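I've put the structures underneath this note.
What follows is chain A paired twice: with chain B in the first complex and chain C in the second.
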Partner chain A sequence: MNRISSGQLTVALLLSNAFMLMCLSRPIGMESMAGAVLAFVLQAILCIPMLLLYRDGFSLPAYCDQKHFLIPILLILYFIIRGGISFLLLWNGSENLSLPFAQPLITAGMIGLVCLYTASLGLKTFARASTVVFGFLVFSLGILLLGAWTRIDFRLLYPSQDITVFRSTLDILSMGDTLPALFVLLSFTNGKKPAPTLRFLVLSLILWEIILFLCITVLGNLLPTAEYPFFLLTSVSQPLSTQRADAFYLIVFVLLCVIRLTLLTVLSAHLLGMLFPKLRFRSVLSLAGMIGAATVLGVLGYTGGLYCILGIVLFACLLPLIFLMQLKKHPEWKEETTS
Partner chain B sequence: MKRFTALTLAGCTLLLTGCSESAVEVRDRMFIQSIGLHEDLQTELTLYPFEPAGFRIEASGSTIPAAMEEAAVKSGRSVFMGHTELLSFDDPSLITKLSDCMEDYRLSPACKLLYLHETELPEDCDTTLLTDQLRQEEENGRIPKTDLFHILSEGQSRDGAALIPALTEDGFTMSIVQGEKVLGTLSDRAVQGLCWLRGDNLPKHISVVGNEGVLDYEISSARTELSAEIRSGIPYVTVTVHLKGAGNAEAAGSMISVLCKAAELETVKQLKADVIGLETCLAKDCPDYLAQQDFETAKWAVEFEHVILAE
Partner chain C sequence: MNDYANETIHPDLKQNIQRIREIADNSSDLLVNEFLLSGLPAALLCCEGMLATSIITELILHPITRIQLPNPTAESVFHHIQTRMLLSVDRSEAKNYRDLFRFLNSGFGVLILHGASSALVFGVQGYDKRAVMEPSGESNIMGARDGLIEVVRINMSLLRRRMKTPFLKMELFPLGDKSQTDICLCYMHDRVPKKLVQEIKNRLNRTELESILSTGYLQPFLENRRGNLFDTASTTQRPDVLCAKLLEGRVGILIDGCPFALVVPKLFSESFQTMDDYCFRPCYTAFIRWLKYLAFLITLLLPALYVAVALHHPELLNRTLLLILAESEENAPVSLTAEAIGVLLVYEIIREAGLRLPKAVGGSVSLVAGLIVGDAAVSSGLISTPMLTVTAIAVISGFILPDLNQPITLLRLALILAGGLWGLFGISLVGAAVLFNICAGESFGYPAMAPIAPFRKKSMRDILTRVSFRKMQSGHFTVEEYHE
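Coming up: the complex of A and B.
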């Protein structure tokens, strides 16, 4: 069976979250650090129905086996739209990180090919690849800290006049689109379910806090002018005078993007497979859908916003809550009934 | 076998990276050590590559990118400025273009800036030596430590004033630039006082000439803290200097106070420029005052107090 370990689940979701953090283009201040804490606490609360549902033995494949189409199709659409937004974030980010790509479509095509290959190898291989990329992320964080260390100015940690904790909480919560992915992935995870969920949220929070802290204390007055604070931070964080670290950040950025897109592709392809077992080229269809969504969203100029919270609450909390309430009436949705 | 095939394919892919159209061979790339910018009717650019010593390329154009293109054509090589150590210029309006330069030409954030105040670099200028001299001045705490990133960041502060190293006929000093104009050039005392007020780089010793002769204080470590409070509607900023070292601490403390006063007078009071982190200090300790009060009024009203704590 195509299952992953709880550690691999943690890493895959963490990397997906890290990509969103890299593409952060909202105002940052000390309030954002408090906002991040609140946003992740809220995400943990939103996960409670999901965790209770899986504790009671719920299985998404078993649910799909009962010919329920609406919810899986909504999830597929959600993942495709999030994938499209990820492509857009990559295109926008590439301008700030001097990616050597000539055209956005070629970028999308090449990254799509890599995602397609990774997705075709299955969930297990993808999870293993995530572990390797996680190593890259930790290493790049080390380089970032090393380069930014001398520029940290603690005096810059003071309350901002323009940013509120409430707004920051909503902004960061709107980027927590990995929760619906967690809902699907928990069906394919071995072991106890709460552990990887909590670990993923805690590690993501630590990562967010480190980057926000560095952005505030290193960028100072330049922070409000930075369209993408993380990219400005990387251009400032050059630990060696003889060798620029841009290439390394570039690799990590692209790898995170590949991991995120592959995760969304794998999930939507899996859901498609559950609904239509005879359907072929499911990954190709998912990726094509994402590129199509990116084109439409690009024309509309939409790269996310507070409306994303609705999707997160719906797929990560309300749906699991409804399933939880219905589970006693439908024992066939439980894992045991499918085996 | 599968693993071997995968590794071989991955290795071969790495070999193909040189086939990219955007790849530039090292011999086809000119690594720039220093840049000289002169703004007249046109932007005149002088590029000093790392080697050979004494070699330089002059180019001009209506804009910096145009001049850069001409320089690349003249040198016959692609120009790489990611490791540039020094950027000298004689027109302060160029500062407003530096942010774009950092992005477009990947100028290092640690690149030093040097404003040529009523002087110009000689034709046979050894820019590597000039960079080293500037660094030595900073390391010895004779002028405050700055770089491109620092200056750009300071330029984005509320009053937009930035402290920039300047080269005059007498040597290095500091100028204050605001927007596209130079507000003024500081005296030696004010420059040394700024080192203490900013606290980034401090001198290793202080010598005070008094009635008893020269009194020395060897500094082993020192740090500066700025704190603010409102008393009777007036912002009071306390500059606390923690000193560790050996020698006449009293004389050293008095000297530091004198230098700090000179810096405060010339920058905040006379030039109305905040290059000591006054805004940050008030925003941190008196946010309500700063929110209600115009920053220009705050600079006019602020009073400074000095506390030198020697161990």
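Coming up: the complex of A and C.
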């Protein structure tokens, strides 16, 4: 796996987060904005052990070279399940997009095929493409703001009776599942680790706050009935009176979806490669696993939740903490797990 | 006969000439002029039509036939010629038959002498060549009017006229087993990354080509990945453009017999830049740049978007436009996708016909064919007017970016197909794949998408806009900044 820059790391994770934001289907209220702040502060705290570990020179490839299989296998499973959930979100979300076919399986299959190609090009290509897609995202946000500007009503910013800050925090935390990806990617990132991590969290928070604010102040009474608030927001916020701009968001949605699935595929394929260097078609296996997971989760009717928070806590905080303690106990391990 | 490559030159003149004739298989263009040089049997070999008779007579034959040395030997005569006589400014020595034939067939006069196991060669080339004229492919308004021609040495002189610094280095070497084509590697040795030059040399040395007749023979060896839609090695016909690229630390490759130079590495953003950009006022150039970016999107996406929106997303159109489209497509006999692909294929056929036909008729044939076929197709109802308009706008937009013509042609068709089958979703998917394809493009570690991805803020001064030379003169940009 090639190395990426800290800026590319920030952008890649931000885009992955933005896809989750587009697929947001939880109840939204003013409390959600406070919940988002709390969720990102919590994520920042959870990252501290990870950053301390990397400050000591930890390297995941070096760790895997020592034939430690458990952590990579757990990470692969996590990425495959998250990929499966992303496919599920895509299936559900695609009903809100004007697609020319009704079968969500075709949508997933086609995106899977494209991701197979994009993942085969490697992390470096993925990181470069992320930079361009980030430009699209910023541009689309500009268009969204332009369309929503005149419809913003500050009187709609009032506390909700059904939503609590705690519930919103948990909801948003469960959707911000990129910390385990950050844990892996930091091994392949040039430069200092805390700065891109902090930048990613701050930018993600800003993005969430903008979208939540627009959803609340623009959609107003429509919000409780909206299954996918973001898509409703794009339908309502049209910058031109004679021309609809929905198509642009469809393009951005597909690009973000490809970016997210490519990230998860690249990471799981690479971890598979660390464990089984002779294994071929790793991307195919990862994607097949994700589609399989999506089918099973779809049958079970599960689209994420508390277990995601457990995953985040485990990979971003607990494991690095255990590593740190072990390194303190057994200083001789440091040579084995650092690059 | 093929094992002559490393065979040293025979000291006996008769046997030497016999061996040369044998290797050349008595080729009619091999001229052997035997004479006595200071009493020793000698011969001047040349290739008919490759040298100037007057020059060889005046500069070589006259002076050497007058040489009279006491007790002459082959060694002393050669030593005398090499140290006392200038004869030609381009002189060398051939030790084996491979070198001898390379010089001979490059237009050099070859002097062989009885008793000498080497041959003296004199540059007296005088073959017919095209005059230096304005390049047909890269027209501009304010830039220079001279273009590269087929003779590598003339092309080298065109570069040298613009870059008198000794830092401009030109390395000439033969390549291709049979053609022994002169290849000239040019670079600014104070600017170019050393690893880049070494890697290019290694790759060129590893080629096992029999001949190199155009840039296309070498280009695949200079590109890293297979499956790239966009080139990562560019070509130019203009010496001024080549100089500008060399100043940015790139490497140019001139090929004898080809009026194009290869430039490595190539960035995707360069496809939107011309020499005129640096002659016009910055604000106008910035406007033209953005126009080109827009044209790129139009030429690539417009027909596909038209098909996708009309077929799958009519709700995106306003009422007036929708009515116009519905009315015009009402009587069309084929589907919109087939119509779009058909129109573009016919255009490509007409374009190809115009290119391959003799110039005198090519232009008029394509014009007449386009007009007659287009008019007849619309009036007979085979093609709708909006479709023809959309296609024409897309094609004309493509003319702004001749460098990207090949990938655009293929991608346009793929996007129409995706748009026709799966609407905007299909276009987005193909777009994502193309984006990754461009981002994967890399030449010797230089990403094709630089300076956008990886992003370099400083370079935006020549991407998003074009700042004036007052600002650009500082910094001395080289491509090494983009290396990953």
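We adopt the following convention: the second predicted complex is superposed on the first by the 324 of 339 C-alpha atoms of A that agree within 3 Å, B and C clash if a C-alpha of one lies under 4 Å from a C-alpha of the other, contacts with A are read in each partner's own complex, and residues count from 1 in each chain.
By our rule, contacts are C-beta pairs under 8 Å (C-beta built on N, C-alpha and C of every residue); 3 or more make two chains touch, one makes a residue touch a chain.
As the structure is a computational prediction, the values presented were derived from the model and not from experiment.
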Chain B and chain C placed together on chain A: clash or fit? clash
*asked:* After the superposition on A, what does A:129 contact: first (chain B), second (chain C), both or neither?
replied: second
For A:224, select first, second, both or neither according to whether it touches chain B, chain C, the two together, or no partner. first
May I ask you to decide whether A:88 touches chain B, chain C, both, or neither, giving the answer as first, second, both or neither?
-> neither
So in the superposed three-chain picture, is A:319 touching just chain B, just chain C, both, or none of them (first/second/both/neither)? neither
Examine A:244 and indicate which partner it touches, taking first as chain B and second as chain C; both and neither are also allowed.
both
Chain A contact check, chain B vs chain C, more residues touched by chain C
> In the superposed arrangement, which partner chain does A:155 touch: chain B (first), chain C (second), both, or neither?
Replying inline: first
Query: Looking at the overlay, does A:118 come into contact with chain B only (first), chain C only (second), both, or neither?
result: second
After superposition on chain A, the stretch of chain C among 217-225, 415-423, 451-459 or 469-477 that runs into chain B is 415-423
Chain A positions within both the chain B interface and the chain C interface are 98, 100, 242, 244, 246
Listed in rising order, chain C residues that touch chain A in their complex are 309, 311-313, 315-318, 421-429, 431-433, 435-437, 439-440, 447, 449, 452-455, 484
The answer for chain A against chain B in the complex is residues 96, 98, 100, 151, 155-159, 161, 219-222, 224-225, 235-236, 238, 241-242, 244, 246
The residues of chain A that touch chain C in their complex are 2, 5, 7-8, 97-101, 107, 110-111, 114, 117-118, 121-122, 124-133, 135, 242-244, 246-247, 250-251, 253-255, 258, 262
Touching chain A in the complex, chain B uses residues 20, 22, 82-83, 99, 102-103, 106, 108-110, 149, 152-157, 226, 277, 280-281, 283-284, 287, 291
